[in-house]
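Structure below; questions to follow.
Per-chain numbering from 1; labels A, B, C, D, E and F assigned in written order.
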Amino acid sequence: MTQDFFTPVSGMELPRFAGVPSFMRLPVVPPGHARFDEVDIGLIGVPWDSGTTNRPGPRHGPRQLRDASTMIRAENAATRVRPFEAANCADLGDVGINPADIDDSMDRITAFYQRLVLAGIRPLTAGGDHLTSLPVLRALAEDGPLGMVHFDAHTDLFHSYFGGTMYTHGTPFRRAIEEELLDPARVVQIGIRGTAYDFEDRDFAKAVGVRVIPIEEFFARGVTDVMAEACEIVGEAPVYVSYDIDFVDPAFAPGTGTPEIGGPNSFQAQQVVRGLAGLDIAGADLVEVSPPFDTSGATAWLGVSLMFELLCVMTG
Amino acid sequence: MTQDFFTPVSGMELPRFAGVPSFMRLPVVPPGHARFDEVDIGLIGVPWDSGTTNRPGPRHGPRQLRDASTMIRAENAATRVRPFEAANCADLGDVGINPADIDDSMDRITAFYQRLVLAGIRPLTAGGDHLTSLPVLRALAEDGPLGMVHFDAHTDLFHSYFGGTMYTHGTPFRRAIEEELLDPARVVQIGIRGTAYDFEDRDFAKAVGVRVIPIEEFFARGVTDVMAEACEIVGEAPVYVSYDIDFVDPAFAPGTGTPEIGGPNSFQAQQVVRGLAGLDIAGADLVEVSPPFDTSGATAWLGVSLMFELLCVMTG
Amino acid sequence: MTQDFFTPVSGMELPRFAGVPSFMRLPVVPPGHARFDEVDIGLIGVPWDSGTTNRPGPRHGPRQLRDASTMIRAENAATRVRPFEAANCADLGDVGINPADIDDSMDRITAFYQRLVLAGIRPLTAGGDHLTSLPVLRALAEDGPLGMVHFDAHTDLFHSYFGGTMYTHGTPFRRAIEEELLDPARVVQIGIRGTAYDFEDRDFAKAVGVRVIPIEEFFARGVTDVMAEACEIVGEAPVYVSYDIDFVDPAFAPGTGTPEIGGPNSFQAQQVVRGLAGLDIAGADLVEVSPPFDTSGATAWLGVSLMFELLCVMTG
Amino acid sequence: MTQDFFTPVSGMELPRFAGVPSFMRLPVVPPGHARFDEVDIGLIGVPWDSGTTNRPGPRHGPRQLRDASTMIRAENAATRVRPFEAANCADLGDVGINPADIDDSMDRITAFYQRLVLAGIRPLTAGGDHLTSLPVLRALAEDGPLGMVHFDAHTDLFHSYFGGTMYTHGTPFRRAIEEELLDPARVVQIGIRGTAYDFEDRDFAKAVGVRVIPIEEFFARGVTDVMAEACEIVGEAPVYVSYDIDFVDPAFAPGTGTPEIGGPNSFQAQQVVRGLAGLDIAGADLVEVSPPFDTSGATAWLGVSLMFELLCVMTG
Amino acid sequence: MTQDFFTPVSGMELPRFAGVPSFMRLPVVPPGHARFDEVDIGLIGVPWDSGTTNRPGPRHGPRQLRDASTMIRAENAATRVRPFEAANCADLGDVGINPADIDDSMDRITAFYQRLVLAGIRPLTAGGDHLTSLPVLRALAEDGPLGMVHFDAHTDLFHSYFGGTMYTHGTPFRRAIEEELLDPARVVQIGIRGTAYDFEDRDFAKAVGVRVIPIEEFFARGVTDVMAEACEIVGEAPVYVSYDIDFVDPAFAPGTGTPEIGGPNSFQAQQVVRGLAGLDIAGADLVEVSPPFDTSGATAWLGVSLMFELLCVMTG
Amino acid sequence: MTQDFFTPVSGMELPRFAGVPSFMRLPVVPPGHARFDEVDIGLIGVPWDSGTTNRPGPRHGPRQLRDASTMIRAENAATRVRPFEAANCADLGDVGINPADIDDSMDRITAFYQRLVLAGIRPLTAGGDHLTSLPVLRALAEDGPLGMVHFDAHTDLFHSYFGGTMYTHGTPFRRAIEEELLDPARVVQIGIRGTAYDFEDRDFAKAVGVRVIPIEEFFARGVTDVMAEACEIVGEAPVYVSYDIDFVDPAFAPGTGTPEIGGPNSFQAQQVVRGLAGLDIAGADLVEVSPPFDTSGATAWLGVSLMFELLCVMTG
């Protein structure tokens, strides 16, 4: 019976365009639901972009990702993982953020994830902009700092914006390190590129021991080599995986607020996740999908395809 | 408690872009749900366009309509009706049609609606192309033919297409009259216009007594006068309301398969529904919203705004 | 046999989305074709926008209009005219203009239309920008100046642009009057509006006797009254009808280069053509449809719907 | 000399698609510029949407409005006003808001407008969401409360959102009345419609004496009659004009965050501004244009066309 | 003379945006045309998507492909093949399918292709969804089973859908093997990837001897090696080439119904076709281009560019 | 002080979506400006597409490129070049071309650039179609022919179009060589591909000594090797760099008039520019960005990212 409840609806039975769209056609099991405690991995939306300094839109991400996710099937053809059989997965709904109050929103997000931690549920989050990761980490790192594998075009390690604003989508991991939610020696950032105002972020990374792998190095060494190093850096202790969709080249992921050309293609985007197999993943997120800039829906489809890959390494 | 269960989520509490999108943020209560029998009015999606002879897409209608519907609030500012307090409304989910088999799909739709009839639930359907109305009427008209107010640019009274194909979105009401699901003397069609191959449909209408009000007459007489006649024609007996979004001018409703210029504006589109107040409405549908052709989402928003107007006259 | 040859393909037999798209699914009968001399009314594309001073695109108009035109059927539901039975209509193909040479292009266009005049074919042209009308008029007015009913947001009566450039889409009718292709006393311009650099165009109109009906007057008097005056102005002698799609409000016709808000709706856009019934129409054009700015295709559909109305008054 | 400096570039000399796009091709004269004090009317962008409770995007409004505004010419064809000759107009640039801090942003906006007040410049603002009006009014109403003519689908008179958030685009005029920036007896709101959670806003309006004219009344009475009442309400004392683009029907203005069907067309949208002639306008704004939802650019073009109408009544 | 008749119109003479759009600007020679028997290779549209289980649209493929194809020139710059000189090529028009009847449509398609077989014309088909291949193969394989090189993200070897529906775009090659239209030992499928419900299709492939080359193997070995194996598998006997546009990564081909990330780029997409040189190609198709999802037209342009490559290996 | 004047506005202070959009947020310093002579490198727009033989639109390029360029920051993360500190850079505005007169436009462009030459300013041009390069070279090559590195899918070396038209975007470098503006022995063209009418262009290249590197060779040898040869060919004398955006694969650059599949990705697009380091670059252009076909804005963002790379090699 439990088996049935947590099994996604098959498109062989109900067409994929039909039905109320939950993540990957899983049951919707919000906190308070009778079976909430049975969930192993929860898919959560954080429809929030108040930390965005440039082009807004990620607040619409979870809904578009849910829509696209109804095209996901049951098995990973490359790795043969069947995540929905390996763990009880469910759509836990969206966090009810406050679009006009950043501090209030962060508190609401942390509180939501604290309930997951209490219930032993590992989160796979659909953002939202990258500031989302900070309040999530506040809940997940209660027992000590986590390691992190971070795919992104940007380090998000800046100190502040606009004359002192501390909480934006360019600062979450600076804050997370300051708050000891992340252990900088166990953090690796992959795919960094684009223009910069200065290198304050990278100076900080160097000072605290965060490993930054620029895109040029990524392409020169290849996925396998880079991911081997990444796994070594984070080691066997619990690790958080944060995947900014702008890691991928904008031809593949146009729907995002701060695109940077010269990024990986979609096959490499999958491969890096498969390279995480074996890690102890405490949680993961896929952020910065911005539907208003995703004119063809391709970014959402890429995003949920990567969420599925993340789910497979979390359960495989 | 019942009150709370059937109350939509307020955007003052949870932002309208957040959450799994059900129709008008109502609870999802599919057949088999513990509270199914408490529902008064059910909102159902029929994601189906196999009857479409020209440009496909309405199979995606229910999902896009659900998405847009999360911007609907609680009260009709013009009529002061608060439908969600006047009746137990719920999202009953989508009918699981078979996109590659028309006959099978029609049977599945009729079976779904028969369950509603048994439970005493009145349906408000989101199509789907206009063939949707036929299998719905087969369930609703079990006790005898219904009257119908039909808003459309086309009569949908044709005999057949492509050398004998009887079931397309151009034939549902021919079939419904032949099957005695509709009483032609109590049927009125409003907004008819566009080019025609011939007038076989209108000859049939005249022969069986269906009243056709072309758009020229509609504009010349005005909404109030036309709707008074329409109400008189259908009378006090149970009536079905079928609203094809292509009734409205394509500037207001571009996302549809068979647009015809020279139609009503969106205010008139609302007014005609308000003109139905007082009728005994056995069920209603809003069909032919085609998201692939709705580049800005405007048609879906118009569509759900009209569904809300329909809901208000069904409960007001 | 002739009957069959000039009959458009019916969507009841071949779906409207199928087939090589000629105008209104008519046979393609270019000059030189064996049956060219049997044609009564020729539909021609002039894929040309070299006269455009602002946003280009009308060179793509004929193709998009042909595509949309496959949704046109056989009979005008409002007027009951069946143009394809009333006259031999055909798609004569596109004029082979030279996109990099305005003078050469004008010569090519005039030469093409002279062949029509010789064959006794009346043209219904799909532009192209409004400069198209000038070389067409050079062919049509060989026997003396024509009258003209001109629907537009702009007078297109300016003297020159950019320090002396005489041939742009803002000058065709100034040139046509100077060249005595049009009789200014028999010219009426309807729908004029928008901002202006100066009133040089209207001063010219007044000086030569062109009647300009601004949009405010159009709305105040109504279609019937305005069109009665227009018919009186042009009288019983041969008249050219030039219809710039920007006559219509940009909500209905977004795909054009110089939109002006505050225009007629699509029903009024049809009515004004119907008001031409009875005139001796020597030729007509529908210009300034710009597919690159027509994101939903609505403008092309409006455009061919109006071409069909023009065809009906040319044959009815 | 002054004349030349403040004259927009003509499209007859430099094509309208050329050049760095300032508002209406006016000179850019930010605070601090040598000729700042010569400006009579300043066009300012407030690229800000932090008060948006639903779909974001108006932060991109000023740039898109500037782009579209290069199609504006020198004279109002309907009223014959030539605003750029009647007053020294200039583009004052954008206010440098802080997208991640609402309070900081409001302070920055008010400070910017206080410089205008000191210099005797009347502002015509391009938003930004509707919260923009509040910090602007704080600067303009320093000598006492203003009257206001407010075109909108919504009253924006709500008390708070999301459990106590006081500053959103749904609350600016509640705050403005509480802060005595507006005299409620001299405020009129025109075009109100759509669904509502409750009527708290309208109860407040009634309690303080704000006149609300719903869209049904607007259509029933007509523009002339409604605007006569509006002018009477605000009287001869200084008045602010706030124009939310969602006043207009979404077919004409799709690019906005909270569209409501059943609104005025673009001609009525112009006419209501022309109806303000003779008022003592202390400032005006055009808000809620949201480029990410304006797929064809039509809303920006409508918006700047209305800004031009506003400019004409401010100078005419 | 024959030479001239079958030569496409040059864009050096008539601009590529001009003219009624036939495939590659070839003459339109439908069955029954006087020169039908002179055709060597026929380009045919099958505007049909009734087999589509998810997102519809390929019925519009042929028209959009024709439009894009007018940008194709005369020679393959890489291989120096000039196909229009090597063989008499023509546009044979579209098959008149019945959008509301799958069985009827398959019969019509097969009948159309039987006429080609009789006339000795080899077909290059523009779909249509992938079910199109089945009725085509029924005509082509009359003398015995063919080999097949199949480029696709999916095997299309499933047994049935929705509880027993046998004819969908996921089943054509299962049927073709069952009907002995294809020799499974001479079938190779390249590019397979994505999520799966189960591996029933691959189990069937293994059981009957179809060679499946997943995308991971494709990338690891490279185009040259993979295509050498493919050519070896199909050998020297007649072979069909079926190219599903979703073989290519969705960044390059967004306009399709069932995209799968992690696919080849457009250069690889060309290279695989060039790798077919020397095979005895009995026919080929390019399917699943879905214009409603091809927001920029890029997929159609890719599609016809690949059709041109196919034409070059069929004639080179 | 000079330092400050030529420093772009930082997005850390003013959000990137705010402000009047000049190229890379540099000061606007048109000819005649007091500080014009201090400029080292001028960014100029040439909003012109009169040479376009197929799909128009590049006249809108400069404005869209300026808009996108406001996301460019101060430093090249890969090469560590900070161009705005290395040289005085400024936006010199747009050349005032005449859209209806090619010869007049070429004269205006050449005259504009002659002023730059006199002032010792090196130009970085944003086109415009590729004919733009010719009048620019006429100004730059006054002291003798230049070398050229040319990135493009096409050689643009054709003799003439449409029966003798000499000035189109397919002929600029044929003219430039004929006019001795370029030294053919020092010209290299990289990325050539696509279909061709004939090889007249390549025969000309061979005859005069232009080196053509087709895309197949480019991919086979790799960026480093190809660019080493390119640098050797052009040598140490002054060189012009002309970058047609259609060099890049259309998945990365859909917004252009003559796309050719099978091109480089965006990383390679950057790398080739970095490979120019050390050359004596007399000027550069980035042409053929066509906003009407750039539905997502991705092409403009790619274009300005490449302009930034060009600026870095011009200053680094």
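By our rule, a residue touches a chain if its C-beta (ideal position, glycine included) is under 8 Å from a C-beta of that chain, and two chains touch if they have at least 3 such contacts.
Protein identities per chain, from UniProt: A, B, C, D, E, F = Guanidinopropionase.
Computed from a prediction, not measured in an experiment: that's the story for all the values here.
Each step here moves to a touching chain, and the least such steps from subunit C (Guanidinopropionase) to subunit E (Guanidinopropionase) number 1. Shared contact partners of subunit D (Guanidinopropionase) and subunit E (Guanidinopropionase), listed by label: A, B, C, F. At the far end from subunit E (Guanidinopropionase), in terms of centres built from Cα atoms, lies D.
Averaging C-alpha coordinates per chain and comparing to subunit F (Guanidinopropionase), the farthest chain turns out to be B.
With each centre defined as the average position of its C-alpha atoms, the distance from subunit B (Guanidinopropionase) to subunit F (Guanidinopropionase) rounds to 55 Å. Chain geometry summary: the mean Cα position of subunit C (Guanidinopropionase) and that of subunit D (Guanidinopropionase) are 38 Å apart. Under the contact definition stated at the top, the residues of subunit A (Guanidinopropionase) that touch 2 or more other chains are 13, 15, 17, 53, 55, 59-60, 98-99, 161-163, 249, 251, 265, 293, 295-296.
Pairwise chain contacts in this structure: A-B, A-D, A-E, A-F, B-C, B-D, B-E, C-D, C-E, C-F, D-F, E-F. Subunit E (Guanidinopropionase) meets subunit A (Guanidinopropionase) in the complex at residues 53-55, 161-163, 192-199, 214-216, 219, 249-251, 254-255, 258-263, 265, 293, 295-296. Put simply, subunit E (Guanidinopropionase) touches subunit F (Guanidinopropionase) in their complex at residues 10-13, 15-17, 71-78, 249, 251-252, 265-267, 269-270, 295-298, 301-302, 305, 308. Contact residues of subunit E (Guanidinopropionase) toward subunit B (Guanidinopropionase) in the complex are 49-53, 55-57, 59-60, 98-102, 104, 161-163, 165, 167-168, 292-293. Within the complex formed with subunit A (Guanidinopropionase), the residues of subunit B (Guanidinopropionase) that make contact are 13-15, 17-22, 28, 45, 47, 59-60, 62-63, 66-67, 91, 93-99.
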